[in-house]
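A, B and C label the chains in the order they appear, each numbered from 1.
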């Protein structure tokens, strides 16, 4: 896939996000300190934030002309944001049921399907959120600090799952993190962001 | 006109008035909670006016604006009740919608939902408790409505005489015992209404 | 076919008229009975709207569809445009409770607008008593409230209508109290309204009004 951020400007609270970049790896990490604008960049790509200027193109399709619901972008936000009033099953099926069994097996959530989401553990919530994003058959997956809030052993477990998803499903990922070790384990390419600007990009 | 028929009439009118005002009030509450448009505070002030103005003043305004075919009919009763109950439902729903985290709606959109689906499957279910509280308060307000009703609907026994108007009427005519009968009935009805609202809105343990 | 239709149409009873009558609250019982009798006699429907004369007049002034208005005083009737106006009934004042010289608190309806209060003040002024009694006057929201004040012990004396209390002492030199009745200028059903006004002035109606203690002019 090729994701092109073309002269994009997004106004934020304290500064403007200003970026031109091209990403074509299987997993591109977006690395930077907190407050750098990484989440806002994901929001802009997903269509949840308007652009002041510029275009975003994915595989030749001008995303920035489309509303969020037509962009086919799966989003796993930092807050996880599972719908609290729906069961696990209803949550993951909200965007469709494409190849459901495979996703459920890989993420090991079969036994959670009938549960309410508020009683899930941190690790379980992450897996359900990932399943929800995957099941909408996205062209691109956005992951915002997917390992945040998990303790050491859980982080390893979930990272293993993420690697499996990267390998089993053919979906490119944008992976936001502020942890260098994390991105070493999963990313092929890194772009570094600071205060809304692209500082550096390199291959791993 | 029997006590029972006055109470039944008032209950029916209040229920219909509340039901009719829910869709526009929810729409307005949503627009105030989510929208970013000029004149928001003006609209909010107008909506709150019936809460603050003397009901008789509201009644006078309604009398001027309403066509002759509606004045002195049950439709005027409904109208007065709707106007007085609106602030409760709009404000409660606005606060309830504001309390639904934007993130949920955003994720729903990335999953392909259009605005209608987002509203009915995410926003509304999560705001329902707060809205229900406002609806019950609005209903209770409609039940007790007097000042505006008496001006625009009059006191026509059998046609527009509501519970509150009937109580005042009987007190005016010195029929205290009969007035007390209606007062007792009114208290019971209000009690049941508030009790029901508590049941509806209390968080399940 | 056409002839059959014509005959059928002629056989239909004439559409009954419906008139809206706004009447002062103090006339509730009397007017309910009068209207009942009239409906049986004429076949017309009388829709009665009771309330304070001031509120009734306000409704009319603001365009409410009323055909006939019975007010508790001339002041409120003067606010509305009438086609035919007649002085229909009268009343007298009465003193309830302790005699005036002994009263420390005297309840009357609000003299600033409630007809009963206006008349009470008028009489006190006429008797030269207003200046000395004014500090003892408690204005009540309406006549009923004034009466209730005495019954509850919040006032020693009340000045009310003779029709309000059987135990009061009637004031013979009451001011001229008038309950005018009128067909309104903008009445939608003017003909039916006039028929009703005629009935109000009839002997049958007079009997009913007297039964409730009113004086018929």
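Details
Operating definition for what follows: a residue touches a chain if its C-beta (ideal position, glycine included) is under 8 Å from a C-beta of that chain, and two chains touch if they have at least 3 such contacts.
Keep in mind the model is a prediction, meaning the values are calculated, not measured.
If you sketch which chains touch which, the chains link end to end in a single open path, with no loop closing it. Most remote from chain A, judged by the distance between CA-atom centroids, is C. Measuring from the averaged C-alpha position of chain A to that of chain C gives a distance of 78 Å.
Chain A and chain B have centres, each the mean of its CA atoms, that are 44 Å apart.
A straight line joining the Cα centres of chain B and chain C is 34 Å long. On chain A, the positions that touch chain B within their shared complex are 43, 46-48, 67-75, 77, 79, 81, 83-85, 94-96, 132-133, 136. Within the complex formed with chain A, the chain B residues making contact are 101, 103-104, 106-114, 121-122, 125-126. By the touch rule above, chain C contacts chain B in their complex via residues 20, 22, 25-26, 28-29, 32, 47-52, 55, 58-59, 62-65, 142, 144, 147-148, 164.
The touching residues of chain B, counted against chain C in their complex, run 60, 63-64, 68, 71-72, 150-151, 154-157, 159, 169, 171-174.
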